[in-house]
Amino acid sequence: MSSIRQLVIPNRLIGLKSGISCTSYIPVRNIYLHKGSRVAGLKRDPKEAFTTYNGYQYELSESNLKPIKEFLTQKYHISDELILQVLTHKSFGNGIKPYNEKLSAMGSKILSLFFTKFVVNKPSNNELAINGKNLDVLGSPMAKELGGRYALGVFAKNHNLNSIMFWKSSSHTVGFLNSGELKVSAQMMYALIGAVTLSHGKLVAEEFIQEKILNSNDTPLEDIASTVVESNIERKRKQKETV
Amino acid sequence: MFRNSLSVRSITSINNIITTNAYRSLATASIQSNITSDLTPLKINSNGSRDLYAIFKLHNIPYLVTKGDKVYLPFKLKNAKVGDSLKLNNVTTLGSPEYTFKVDQGINNELYELKASVVEITKEPYYEVYRKKQRCRRLKTFPVEPFQTVLMINELKLT
Amino acid sequence: MPVKAIARTSISRNGVGAFVSPCYKISVNYCNWGGSSTGLRELLNAGKIDKIAQEKSNIIFEVIKRTGHPSLKFHYNNDVVQDINIANLKAHEIVNKLDEYSQRSGNDLFKFNHRVLSINDSVRGVWSPLHTPKTHRHKI
Amino acid sequence: MLRRSMIVKDLARVSRLRGLMSIPQPRHYSQPSKAVNQQINLQHYENLNQSTSSFQAKYDNIQDYGSYKHNVFTHRLPESTASQSPPLVALHSRLNLSSQYSLSTLSQALNLNKFDDGLANNYGLNILGKNLLSYYVSEYLLVKYPRLPMPIHNVAVDSLMGSKALYQIGKIWGIEVDKSSKLDKYLSQESEFLKYGKLRYLTEERLDNNEAESGVYELSSEEITNLKSNNNTASSSSFISDEVEAYGSAVRAIIGGLYTHQGEEITKQFIQDHILSRKLLLENMFEFSQPTRELVRLCDKLNFQDPIDIRLIAETGRLSSHAIYVVGVFCGVEKLGEGVGSSMNEAKTRAVVNALMSYYLYSPIDNEGNEVKVPSDKDYKYLDGIVGLGDVAI
């Protein structure tokens, strides 16, 4: 392995991607692009393959990026390519377009850290608090749900951020939760936070969460999370009673 | 913070040419002037100091190291305790996969950072050396258990 | 799934980043009656062991009264316990033993016939005859 | 304050010494160590309360986070008691912690017992530490290796902060397990302070019930279910014992405690020094099933114009006693990878794997050739190659 390494320039692939080299010969081929239902062995027309179930075409267009751009405002601005990547889920176009998995990994980590710090640093008169930080709240359903998928998915829907997303489900018609739209929306939100983190750094990202997600004007995340948790507790109690 | 930062010191006395030497100071000056710009390819080729090796000299013996290597010295390093952090300042060669930068008198210290921490001061296994003198029927036995100092290369990067 | 992952635990490199001394506990066994413990008793009475324990604050010192020859037990973080017999040793010799063994890592002693032990890949890679230009290649 | 790092005891009067045995006890609450789990099942929301129902904090108002309180705990260890414990003082000193980090917090971080006369345990500290760790570890990996496929990324996170790695770290820190029961402690006249510096996760009944052979290890019910569920999956070797889990929890809790006393910046430094300084074996984590198809698909994803082709670069001669072939993977005029093998097929596969690895293990550097900064660093700047595009499906 090591004998090979010196001969391969690892950055080579990047150079290619940005079109620096390798433009000497571009083969021109005529390929039949198939439309309609999938036929094995035939290449699908990209125009059709990269269109969502509700008719949005995958492209860097103003209309596609608008909801996110308006939500972010100039202060937390991220590049257009990054927004498109945030909106694209792994399920879209068989994962051939850049998708948001890595961004959402970043976002979910910073979000859970943010909310952990948020709940811990609230003033408390609990005598078990360490250095004024009440750790008893950690691990409670509410603390878990704050950075959780459910609350974030609902938040995305309330703010109409998930109206344009590039994803695919086996059945788009079975509702918000069952079609997986909730999960995909939540992942998109994580990715959005991740993209802000990677573009502006951790401090700005925490400001972003504080300003846009926690203190949002209509239905802030805390309220969504507490309704979810309380309804869960209610349902559990009813189940117990019937048993 | 969690390193014993107080004990960082350079082991100039044993590890470097005496700084009062006029030749030495001349050499560093000339190196510094014409090499700082040249080290950028080395830096980029070493992928941000990840693929980088250095050859440093201790008691005029060369050691080729990368970051995270253990250096086994067959003696007890003077004035060093376990946990100390040492700044190695007599480096003759820095190399990346495709470039080498070599100055026999020692590379200017400002161009790189090479630190080691003393990880262990121990001994080599005990053995005996027998000596037979002429015209003496006795076999002399000498017990040998030399000291061993282990350094861990803490930091190696181009600045 | 195109790539599968194989779980591997990362390797500790004590001394890169933080350094934690491998010896974490020393048991000092002494006898209050036997003559072989004289040196150690001297140290204990003079409060020197207390002083050493304060200096080496990252090591737990345990002083145990027990019949028999005195000994020092060094506990290392690789689960090795080294029992050193200090019968009839003088006070300063015992202090030397304490210093020496508390700086070890608990691994077996070995002679290393090379200078540097590395777990990294070689920077330059291995030389290959097939990668020299064709005109310089060795021909049979 | 008197801090003692010495224990003095008289063994001559010990009437009975029991052999040390490690008999684990069932854990009170699950502490999942899986690093990143992107796949959720919808049952998650149904189970939300179930897992914690046995151990739940009471609160006045669901959004009043200051009012949450665990009723099982009544007090924390007084600082004066903690400073009497030699192992605790030594551990504090070994980790180079500052005097701001109180010994009682350190002792709490080592306590996993839920019912220990109302003494607070490390439940909250552990969660705090886990969140801090998983942020800083993932941030490091995501930025340093942006093209790592997600399964590899998850395993890499686990290799740095999974229970096994943290167990090793706990061992290196010299944390010992408290393995003696109350009776043992009484009989051997062990100082009561000693246990506050040890890892406490075995319940009293487990400690008392140590009649088994030494070296024979009885699994707790937790571990048995763990073992069974692992048997069904491919990774049956990944059994994690209670002891390993307990060490992991303690290490995480110590990191959490660092945040409570000294803030985030210092905690980050600590994580970098103790955890991110470990050697990652990324090259050994890949297992390719169809490397050539994957490479073709990858080049498609990256919009490479030219088709992939595989060419022979050099050979020793087919009739030589041990023929060696050097094969390269090319895309147009660019060489993506190279492999050496004793047959053309072997060399080809190696070349393709080499090309894939050099793509996946790419690590960005900034314009001056320095290593990239992570988002939590002070003067962090966005760079082009820092966001991964995601891996390909075959």
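In this document, chain identifiers A, B, C and D correspond to the written order of the chains, with residue numbering beginning at 1 in each.
Following the convention adopted for this analysis, a contact is a pair of C-beta atoms (placed from the backbone, for glycine too) under 8 Å apart; a residue touches a chain by one contact, two chains touch by 3 or more.
Worth saying up front: this structure is predicted, and the values here are computed from it rather than measured.
Taking each chain's centre as the mean of its C-alpha atoms, the one that lies farthest from the centre of chain D is B. Between C-D and A-D, more C-beta contact pairs join the chains of A-D. The distance from the centre of chain A to the centre of chain D, each centre being the mean of the chain's C-alpha atoms, comes to 25 Å.
Centre-to-centre spacing of chain B and chain D amounts to 33 Å, using the average Cα coordinate of each chain.
Centres computed as Cα averages put chain A at a distance of 48 Å from chain C. Multi-chain contact residues of chain B (touching two or more other chains) are listed as 2-4, 47, 68, 97.
The set of chain D residues touching two or more other chains comprises 95-96, 270, 273-274, 279, 283, 297, 340, 391-393. Among all residues of chain A, those that touch two or more other chains are 1, 3-7, 10. Across the interface of their complex, chain D is touched by residues 1-4, 40, 43-44, 47-50, 68, 158 of chain B.
Chain D meets chain B in the complex at residues 95-98, 266, 269-270, 273-274, 279, 363, 365-366, 368-372. If you check the complex, the residues on chain C that touch chain D are 1-14, 16-18, 20-22, 24-25, 49-50, 53-54, 57-67, 75, 77-79, 119-121, 128, 130-131, 140. Residues 29, 36, 38, 40, 42, 44-46, 48-50, 52, 55-57, 59, 62-70, 73, 75-76, 102, 105, 108, 120, 123-125, 127-128, 131-132, 134-135, 138-139, 142-143, 146, 150, 153, 256-257, 260-261, 264, 283, 297, 300-307, 331-340, 350, 354-355, 358-359, 361-362, 375-377, 380, 382, 385-393 of chain D touch chain A in their complex.
Considering their complex, residues 2-4, 51-53, 61, 63-72, 81-83, 95-97, 117, 119-126, 148, 150, 152-154 of chain B touch chain C.
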